[in-house]
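Each of the two complexes below includes subunit A, the first together with subunit B, the second together with subunit C.
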Partner chain A sequence: MKDQHLSPRNLIVLFIVFGMVIAVLETFVNQTSDGTLLLTLTFWTMLVQGAVSLAAVGETAKGLWLIPIKRELLCLYPLLLFMALLYLLMGMRMDIYPWTAHPNAWLNARFFIVRNFVVMMLAFWVAHLLARSVMRGDPKKNTYAVLYILLFVTSQSLVAFDWIMSLEYPWISTLFGGHFFIQSFLMGLLFSAVVIFFRTRVGVTGLTETLRDTGKMMFGFSFMWGGFLFAQYLTIWYGNIPEEVSFILKRVDPAPYWGLSRLALALIFAIPFLALLSRKLKTMPAGMLFVVLSSVVGLFIEKIILITPVVPVNPVVVGIEFFAMIVLVTLVFRTRDSFMPQLVTDPGGVGSVRAPSG
Partner chain B sequence: MERYEFDDKHGFVEKLEKLVDSGVQKQRINTYTPYLVHEAEELLDASQSGVRAFTGAGAVTGLATGFAFTIYTVLSWPLITGGKPLISLPAFLVIGYELTILFGCLTALVGFFALTRMPVIVNMFSAKEEFSQKFIIEVGDEVRR
Partner chain C sequence: MDRVDDVVEHKKNDYHQAVEHDVLSAMKKPGIVYYVALLITGSCFALGMGLWLYQILVGMGVSGLNNPVGWGVYITNFVFWVGIAHSGTLISAVLYLFRARFRSSINRAAEAMTVFAVMTAGLFPLIHLGRSWFFFWLFPYPNERLLWVNFRSPLMWDVFAVGTYFTVSSVFFYVGMIPDFAIAKRFHNGARKWVYSFLSLGWKGTFQQWKHYGKLYMFLAAFATPLVVSVHSVVSWDFAMSILPGWHTTIFAPYFVAGAIFSGTAMVITLVVPMRKIFGLERHITIDHFESLAKIILVTSIIVGYSYLVEFCLAMYSGNVFEADAFINRAVGPYRLWYWMMVSCNAIIPLTLFVRKWRRSLAFLYVLSIFVNIGMWLERFVIIVTSLSKDFDPYSWGLYKPSLVEAGITLGSFGFFLTLFLLFAKFLPVVAISELKEVADE
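Showing the complex of A and B:
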């Protein structure tokens, strides 16, 4: 199937159109369910930033296994700009945060919007430089990769501490930031498995090793996700301080969270753990897609569990916004030839091998 | 005996593919690699290592031992801590997890030595061939065991 072309100008027009659709939904349709935009932003920022971070980590670690899909991972970088612009809509949803009644030096609406927007825009700009330098074999690519990883960790930590944790201010967990960027990285791995599935379907060969290594990384990072979750849970469980345990109890005890929390644990940790023990499954694109679906649904449910006990979400609007984001990601991916140069051949440099075409 | 040496995996795998495609008996081919190369395993139809059975058995035993050990000790010396029930699985999971890894690793090592019949005491300190980071293919005159 031949990929379509879309000029960078048309891409910006596309962002404006999709941004307008979501803005209209949030302004006129969804006036009461304040958590909807937060849910969309959190989930999709994690996916997009995670995909680019995987390419950046592969670059710094000289990961040969990632070369065949590096371009596909990096091609999502324009969406970082979209997510940053979409984030500005959070300005009209600041009343979901309890600290707005008593703002302080860190938690005040203006600084909240500015710092997150600046970090997201910086992440976009560095990702743009990274994508361009990787594709051209520029020696500066390592510097950009390290810079991007730092911005990724900062941005995802802000997503955790600012966007989600401060919903329950003054509840704190210092591991929350780490838990979020590990999750985001896991989502990057899930995206790469999806890329390999579709590339294989259109006849691209030679991706078995990359899929196998992606499977190993997915196994490791779903385990790490479980480890971070348990580390936070155990500390709070041991301490048994009312203001700390209330956060957990609200999310694991009453219906429907009792079932949802256990379902999320099974989908993100137990099912991938058991499935990815198999060596054969890690070489089967369809089998890997099953694990990806399990993890993605689990991660979505986890966001529901984190957000909805505090602020409601509108299921219909969430569905429309997620559908719009799926269409946007697909369009950006399918038109990547318009804004992503091909990998250059540069013998001796990691990441300089031409990716399989197709 | 023919021997082919490669500095990188790709050349090694390509040559191995050519040898297998040209009809060389797989049982005559021996490979030495600095790390696990899945393609070589698949090309030579290598059977799955029995070490995994040792590791699995050790890991399950470790998990069971971790929980049994902690439950047995709190029941033998009942001491309520922080108002928690005596048998508190979240706390015991840490010990169970650690022993899963410990037992799994140790039994994997034992299984590896047992299945490879190592260490060989005779001629233990004599100089052996060292391939370092190279990828080696040896095509023997006889079928390997």
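Showing the complex of A and C:
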């Protein structure tokens, strides 16, 4: 299938159309299940920000293995704008947060919306500059990469602390922010494995080493995810303070969370850990796709576990919104030539190798 | 074409000889400066040992420890030295797995530092015990009273974590030196030749030996990497498992790991800058290597700064008066000077490394590394002392002031560490000769 072209103006029209669809769904169809939009936003922000952050980290760390897919990772950056605009819909869902009844200097609806929106917009703008400078071989690309990483960490920390943790105010876990940006980065790695799978299917060769390195990184980051989870669980379990453990108990004890929590642990940690020990599997695109599916489903279930004990979600609307997001990501990815210049030759720069076409 | 190959081969051989010459020259008979340095560090160590003996004879009252501050400088030193030990494994194992070539010039010094720092750290639980001769009670051995150690105590976890780390780090350090021992034995006579020959385990450098060596090294690197994380996580849980305000926080494990790598890397710079100058290793340990270390410092400093910020903000956010007060107390209480010095040294001053020119200035890096060492020692002191001195009940509040005995024993620990490092610099190859050759061949 030949890649289509989409002008930036049409891209914005596309965002408005998809945004309208989700807004209509949230306003007229889904009036009682308040957690649906939060689930969609959390999951997809994680994916989009994570993919761009992987490219940014690759740029600052001079990661040679990332070069063949750097352009594909960066091409998701326009979706950061879409996520920021979609986030504005959260304005009509603020009653899911218990602190709205007693707002304070940090936790008040207006500041909550403004600070997150500003950080997301800044992340979009810097990602735009980063994508452009990387593709042109501009020496400023390192500066933009560092800036983006800082914004990414800030944004994902806010997703963790503001969007999710404050659902159970005043419960706190100081590692929650770290846990979120680590799994966002993991999502970026999962996306790269998917990209390599599809590019291999259309006949692009020479991606085996990149796939193997992606597999190694996936192994490391799923391990780190497990480590961060354990560090939080152990501290809270050992402390055994009622107001802390109630958060955990609610999510691991009653049905259906008893099964879901164990399933998420198996899908995000145990299965990738065992599968990625194999050197051979890390070079097989189909095998890697299996690990990706396991991890993605696990991360989705994890979000369900975090959100639904407090606010319900509508499974049908979640399905439609996720389908819309998949279509949008696919469209942006397939039309990347319209807004992403090709990599230029820049001897000495990491982004100087022209990515294989296809 | 053959002629070009000949020239390349000739240059390679020249470089190989230069590496051997430069590194092994450092092992020659030392000059007066070396002996003076050894005398100073040895004296500090002797002073520390003398004061420890004094403490054993007189009792723990000679330290500043009191009720409620039962953990003070000794535990601060323990955490500090375990932290210092981290960068060795990071540089040796983690960077090896990441195929970061810059590690080859500094990994030996970093590994030596790791082993010596763990040995130094291991002294402090013994010193802190008071009745140090009962240290074996920490081990789970069968006894006639059927008593077991308290496995639910994080202090017990320390015994296993630090013990494992020491064992693996030592093996890693030794295995890395085997090919270099074989080179060193060629350049020495008498007893030293015999010792190097014994330590080289009959290394001939055959293809089979290199193949097995490569596999073992990779295995050890993969085994040591999770240890880097686990050891300092366990050390952090000494604090986090309690419910004391300022200690009971989930971020401690990764924050301590990042802090350990931060301080350890700074210590590598502190040690390697003079070592490079004294032994004339400028050709092999270049500014580029230091710039890479500076980048590690910068990244870990940002992580440490992020942790400070998150801890402080979430304490305020939670609305828990004890948590909030613990952090306000750090910033404006009796230990505020130490707190702000800690913040400045660890989270503000290292940000200057965003400037490339400063990352490449050895003088600047050296001064900065000392600031980081001071800052990271203060960090452990602030965490330990502020939370213990002011917990829930005003009736049990109380301040702590380290005594001269504690200060002397701390000085002694630096003396012990530096003495070991000086001996290492004279008796073992300070740079991994075989690895440098390998990098040059690539």
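Everything that follows uses one rule, which is that the second predicted complex is superposed on the first by the 357 of 358 C-alpha atoms of A that agree within 3 Å, B and C clash if a C-alpha of one lies under 4 Å from a C-alpha of the other, contacts with A are read in each partner's own complex, and residues count from 1 in each chain.
Here is the rule we go by: a contact is a pair of C-beta atoms (placed from the backbone, for glycine too) under 8 Å apart; a residue touches a chain by one contact, two chains touch by 3 or more.
Here the structure is a predicted model, which is why all the values come from computation and not from measurement.
Taken together in the superposed arrangement on subunit A, subunit B and subunit C clash. By the document's definition of touching, of the two partners only subunit C reaches A:Trp106; subunit B does not. In the superposition on chain A, A:Ile172 contacts subunit C only, with no contact to subunit B. When the shared chain is aligned, subunit B comes close enough to touch A:Glu209, but subunit C does not. In the superposed model, A:Pro8 lies in contact with neither subunit B nor subunit C.
In the superposed model, A:Gly91 makes contact with neither subunit B nor subunit C.
In the superposition on chain A, A:Gly319 makes contact with neither subunit B nor subunit C.
Of the two partner chains placed around the shared chain by superposition, subunit C is the only one that A:Ser157 touches, whereas subunit B remains out of contact. In the superposed pair of complexes, A:Gly259 makes contact with neither subunit B nor subunit C. Of the two partners subunit B and subunit C, more subunit A residues are in touch with C.
After superposition on chain A, the stretch of subunit B that runs into subunit C among 23-31, 59-67 or 113-121 is 113-121. Within subunit A, the residues touching subunit B in one complex and subunit C in the other are 234, 238. Against subunit A, in their complex, subunit B makes its touches with residues 38-39, 48, 82-84, 90-91, 93-94.
On subunit C, the positions that touch subunit A within their shared complex are 226, 229, 233, 237, 240-243, 248-254, 302, 306-307, 310-311, 314, 316-320, 354.
Every residue of subunit A that touches subunit B in the complex is listed here, in rising order: 209, 212, 230, 233-234, 237-238, 240, 279. For subunit A in complex with subunit C, the touching residues are 106-107, 146, 150, 153, 157, 161, 170, 172-178, 223, 227-228, 231-232, 234-236, 238-239, 241.
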